[in-house]
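Each of the next two complexes has chain A plus one more chain, namely chain B in the first and chain C in the second.
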Partner chain A sequence: MTATIELESVPFIQKFKLIASDNKTEFIIDEKILNQSAVLKEMMEIQDKSDTEITIPLNQISAECLGNVIKFCKHYEDSEPYLPPIGPTACLSRPSQSHWDMVFLKSLSSKQLFDIINAANFLNISRLIDAGCFRLGYMTENRTVEEIRRIFQESGDFSAVEEEQIRNEPLWN
Partner chain B sequence: MSTTALDESDREELCRLRHEVLQLQSSNDTLISSIHHLSGELLKRRNPFPLTPSSSSMIPMKRSKQIDPLNIFRFSQKSALGSQKKEASEKEDIGLPNEIMLHLFKYLSRSDLDRSALVCRRWKKIIDVHRCSLARRRIRLFKIIETTPNVIMFSAATSTQNIKYHFDLNLNGENQSPDVIHRVAKMLKYSKVRRLVMCGFRLTEVMVHDLVTIFKKADILFHRLEMIGVSLRNLSADTFQKFIGEHIIADQYFLDGICDSDSDHFGSRLFERTGIKKAEDVTIYDVSSINDEEVILDVGDDVLLDFIFGKYTDAVDRATVYLDNPAISSAFVYNALVRFAQESDLKHAIIHSEISHCRDQIVHNNRSTRFEYNVEVQAEYSSANKYTNSVLEAKVSKTADDEFVHVTLTIAAL
Partner chain C sequence: MMATLSLSESRGINVEEFNDKLNSWCEDFDTMSDRQQQHIVEKLLNRMSHHQIGAVDSYIKPLLQRDFIVLLPRRLAESVLENLDAKTLAMASAVSQQWRFVVAHGMLWRKLIEKHVREDSLWRGLSEKRGWKRFLFISTEQATIFIAMARGMTKQEAEAFRLTLNDQLEYQHEFYRDLYPQIRLDINQIEENWKNGKFRLQRINCQSENSKGVYCLQYDDHKIISGLRDNTIKIWNRNTLQCRQTLIGHTGSVLCLQYDEKIIASGSSDATVRIWDVETGEQLNTLIHHSEAVLHLRFHNGMLVTCSKDRSIAVWTMHSSHEIDLRRVLVGHRAAVNVVDFDDTYIVSASGDRTIKVWRTDTCEFIRTLNGHKRGIACLQYRDGLIVSGSSDNTIRLWDIECGACLRVLEGHEELVRCIRFDGKRIVSGAYDGKIKVWDLKIAMDPRASSSTICIKTLVQHSGRVFRLQFDEFQIVSSSHDDTILIWDFLNTGVDVNNLLQHNAGVVGEVDQAVQQQQHQQHQQQQHQNLQAGPAAAIMAPPPNIGGGGDAAAIPGQNQQHQFIPPHNNAGDNNIEMVDIGDGLNNDDGDEMEEDIPLHNGDPIAAVLGFENHQQLNIINHDDEDDAGQGQNLEDDDDVEQQQQLPPQNAEQHH
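The block that comes next holds the complex of A and B.
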């Protein structure tokens, strides 16, 4: 027997355990999914990776929402890193209604949609933020003010006079 | 070698090493736990899309019932409310944070933005503050023309809609009422005008002043300015040059049949104006004086060559210039060929220049000029650039009356 201390050199797949706000629901994911969140990626870069499983509690995200986020990221686990559209033509590059992202987000209720966008914003998953905003764009375009208010559950906080004044303003339809 | 065979010093060494490993492991554990703690903190504070300090202080947060100054973002607010309260407030508390709203607005058209600005104060504020980075309305054609004597029509057209205002100079005198300015400015607000056409009226100092006010108020961008048959009788050279070269910054300028002008209006300083020297396309054609005579544009060889070779501009993609009747010498083509050979930076140069109604050109033999051919109707010369693989091709065509020639300069890459 030698006096050297042998270090284990068997390769292991790093797993991450995400715990939702209910403190019960757990999601085990790998690096390909985790790295889509700039926040978690950055966090794990300073983390020692000797454990085969790292637990990350996400008190702010509900189990249902976290499930949706992971479903979205799982779809893109083997894709190239996302490059957000930039420049003046950014608005032209939006995906069609039949794009997977749009279909997926369309299947969510508006509460779920707002939650998933908030979660994406929180975890900084830029692909999901953009997809969410594109979906919201489809929900907003060519709608009347009342419809937009209903969709976004915003109540108009203008005074009657202001409202009247602003309402008369648009020249273009 | 077995453990029993170790001598005393080896044993001691092994003991020390084991101890060290244990110590390292325990410190590693504390490190991991502190990282867990820190990363939790990081998550709490994380704000991936911070608004600039100025804008965030200007935009009211969505119903600002902040519980903890640290948790200023909607998301953390919501979780801080607790689960029972959450149910009750869910209905009205669904709002998305400002940075997400801004992100959404970036993908909306101007018409959708107009409606969104009516939703609530918060939305309106975000849209107003960030309008520069949001979509502009695309106006296909904005016309300012005199329809009947002394009646000026402002008309703007998008792909689907057309809005017109008539303004009677007889009724209102020279001064356009603030109401007209306000209405036209509103019509053009946050738009990109593809073609601005001014046609067939007299441009006065007051009118230029009003138009500048409108353009400033409306915050518009122009792609192309077309000025056709406009009279400059009551306009100073400086006002005119400032108007088209500073207040209307366009990619293309097309000036045809400007009348009641003199050579000052088209003096050398015009070619130093921001808009003109950056433009990809400049055409000035058929300028006439009060006596209906042709006006010679007051630009000499040096000014025109500085302009063509882009001495005072960092713009690229400058494509064409077409000038009629500039005051250039008979050595202009020769000067152009010689200068081209020496020019070290051709990135900002105009690719194609046409100059009509010039004096007959004399091109000397020189190391850098090459004579291609000379027949009765056309002569051609070229010169090669020292630093790049490009060549300037100069054509001098003679017109029938023999008095004037037409010069074409083209930079060709080999």
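The block that comes next holds the complex of A and C.
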């Protein structure tokens, strides 16, 4: 089944066709979305743009995940470019739980969230990477160890002695 | 997993037989090596259809993708955990070896501490005072060496030790993880000390010979600069409490001062403002403009504002310490202007006429008058949209500068509130009865809070009027008519001050020098012991050289405004209805502050000199005869005489 999702249809705008890992699903996007990915932006800067449509196969990203990534970027297509603070004192102010980013990411399943963060990392979409990290932080915050293990499906691999030691650390009291 | 899969696909043999075979296969499988097991699975998979393998895949994936922290690139895993608070970070480190590894190798405890130090002045101050700042904002290699040294190694040993470590971050992890809760404990203790009034008191006896009293002060980690009633400015060594330098020049009491890293500006009852080199003590400039005592001054960012008993406020542009031009004179108050404060937006002044006035900093335009105090206003501070004022009506008022509303009245002082300061947490006020009160600002700002809960503590050690105080997260420094400067240390409480006082046969607060020395030594020993006990209390690092109070920094050479009037030209300038302030009670107290002035019934006109359109001030008339009749004018005879002896004032300003 071929799903072609047209997100922008104004003429005279350079179009890009992203193809998901299934080699079938295509997403047609414009520069406003493409440029949010530092990787794609850099890739396209050395491309000849005479074609009306440039095809970019993304074998590593599933159709579902790519759809989510584009949905996120679409929300920010008219925003100022995202400039994450850099340097040793860089400090992001954390978005509230009701921020659009957080709500969007919360609507995803664990697997979808994991995929979208990895895809954001692969495509180097700073805003989405940061948002994903904040979302994971919220999933962790104010949880007990047992809750964190359950949420992240992690089984503790400390020995009984180590567990005991950890529980006696001053921060626990 | 293969078992269940086979079960669902079972064909040919019955369930019982299948189960038997399965169990025996599994037993055999368990005895094999990893490699052999993998080989078997590979063989089996090769015998299966594409469809079957797809199903197998869906079983394998969740087994692998179970944990973000483990599966994400480490940089991302770190930034997930970087946003956590301390408690969650502690929990996260206990989830699994992998999580702990990410916390340790992301230096997340260190980053958390560094974040607090960057964002919170209490943490920043503590990091300097307790010396653990040296473990922050440094390279991994340096950190290892400093930590090893804090644990008892010499520098050489620590350097050698560093090279033997395969994992420095692992080594540092525990140090920072343990440092964090110790800092928390330390902070909690300081908060408790404030709440319970537990402090170590240090006392400077100024031993002024003739007229005793300390009108003003400012401090930093190294020094206290004080302005005295005996006309001098004295600079005290913060550690030894000895007088390092005496600046002589003023011919009247030094009523106000402020310094930054370059200069001291002082105002006096000799009506002058003098500028001194903060390092050498050399007098650099004298500003002669006011016709009576200069009661208060503030400077910041190339701008100086002075106010005087002559009822005017002068705004100056400081190009350099030698080149200070009068920019504007603000007139409108109908009695002495006791205090001014300003930031980039507003100039705020308060007067014996019971009002606070707000002016624009850039244009010097008058904005509004805040009415509420029932008697003259002695002191005020303004920052971040909030004004806190203290008055001769014994109350403190909190005001919203934007709307002019009085947010809260603090009652509790039994005499005139002479000095006041506030930060993000507390208000500290000093009164004529010698008492200092500490108030909780957050509670005071909460309109629903009961007023009885706002005052945290009353500190009684001064035996005379409290003239001036400054405080930070760790201490209050106050000065008084009793000729002393007191340092109330809530950080290192050491020997309980009350016991010391009892030993001294009831002499209020007479802690002698020897005891102080002893305390100091004990304190240092204590610190040394702490160091060995744990990483948090490392050796005291020398504190940085920062101008005290964080109040201001003068940057000379700002762009010059038009000078509207010559400096010597304004005294007695028209437009002001003169109010007789000469008669009042002579209280023999030497306080130059104008306490309360009977308000004139006339229609007051206030003008901003230099403006083409004079601003009409809308001052509510207090036609309260009784109140007016009680107006007190606290005046120092000596100072007044000295003023009268001054030669006619000419522009003595150096250019």
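What we mean here is this: the second predicted complex is superposed on the first by the 150 of 173 C-alpha atoms of A that agree within 3 Å, B and C clash if a C-alpha of one lies under 4 Å from a C-alpha of the other, contacts with A are read in each partner's own complex, and residues count from 1 in each chain.
The rule is simple: a contact is a pair of C-beta atoms (placed from the backbone, for glycine too) under 8 Å apart; a residue touches a chain by one contact, two chains touch by 3 or more.
What you are looking at is a predicted structure, and each value in this text was computed from that prediction instead of being measured.
Peer 1: Mind checking chain B and chain C on superposed chain A, clash or fit?
Peer 2: clash
Peer 1: State whether A:Pro57 touches chain B only (first), chain C only (second), both chains, or neither.
Peer 2: First partner only, chain B.
Peer 1: Is A:Arg149 touching the first partner chain B, the second partner chain C, both, or neither of them?
Peer 2: Both chain B and chain C are touched by A:Arg149.
Peer 1: After the superposition on A, what does A:Met102 contact: first (chain B), second (chain C), both or neither?
Peer 2: neither
Peer 1: Would you mind checking which one, chain B or chain C, touches more residues on chain A?
Peer 2: When the residues of chain A touched by each partner are counted, B comes out ahead.
Peer 1: Look at A:Cys133 in the shared chain and tell me whether it touches chain B only, chain C only, both, or neither; answer first, second, both or neither.
Peer 2: A:Cys133: touches chain B and chain C.
Peer 1: Name the contact category of A:Ala38: first (chain B only), second (chain C only), both, or neither.
Peer 2: first
Peer 1: So, A:Ile46: does it touch chain B (first), chain C (second), both, or neither?
Peer 2: first
Peer 1: After superposing the two complexes, find the one stretch in chain C that runs into chain B, choosing from 7-15, 25-33, 43-51 or 259-267.
Peer 2: The listed stretch with clashing C-alpha atoms is 259-267.
Peer 1: So chain A touches chain B in one structure and chain C in the other; where do those two contact lists coincide?
Peer 2: 91, 94, 111, 114, 117-118, 121, 129-130, 132-134, 136-137, 140-145, 148-149, 152-158, 163, 166-167, 169-172
Peer 1: Which stretch or stretches of chain A touch chain C in the complex?
Peer 2: 88-89, 91-92, 94, 111, 113-114, 117-118, 121, 129-130, 132-134, 136-137, 140-145, 148-149, 152-158, 163, 166-167, 169-172
Peer 1: Residue numbers of chain A touching chain B in their complex, please.
Peer 2: 1-3, 5, 21, 38-39, 43, 46-48, 50-51, 56-60, 90-91, 94, 110-111, 114, 117-119, 121-122, 124, 129-130, 132-134, 136-137, 140-145, 148-149, 152-158, 163, 166-167, 169-173
Peer 1: Spell out the part of chain B that touches chain A in their complex, as residue ranges.
Peer 2: 1-3, 6, 10, 13-14, 17, 21, 28, 31-32, 35, 39-40, 42-43, 46, 48-49, 74-76, 78-79, 90-92, 94-97, 99-100, 103-104, 106-112, 114-124, 135, 137, 158, 161, 163, 186-187
Peer 1: Where on chain C is chain A touching in the complex?
Peer 2: Against chain A, chain C makes touches at 62, 65-73, 76, 79-88, 90-99, 115, 118-119, 137, 177-178, 180-182.
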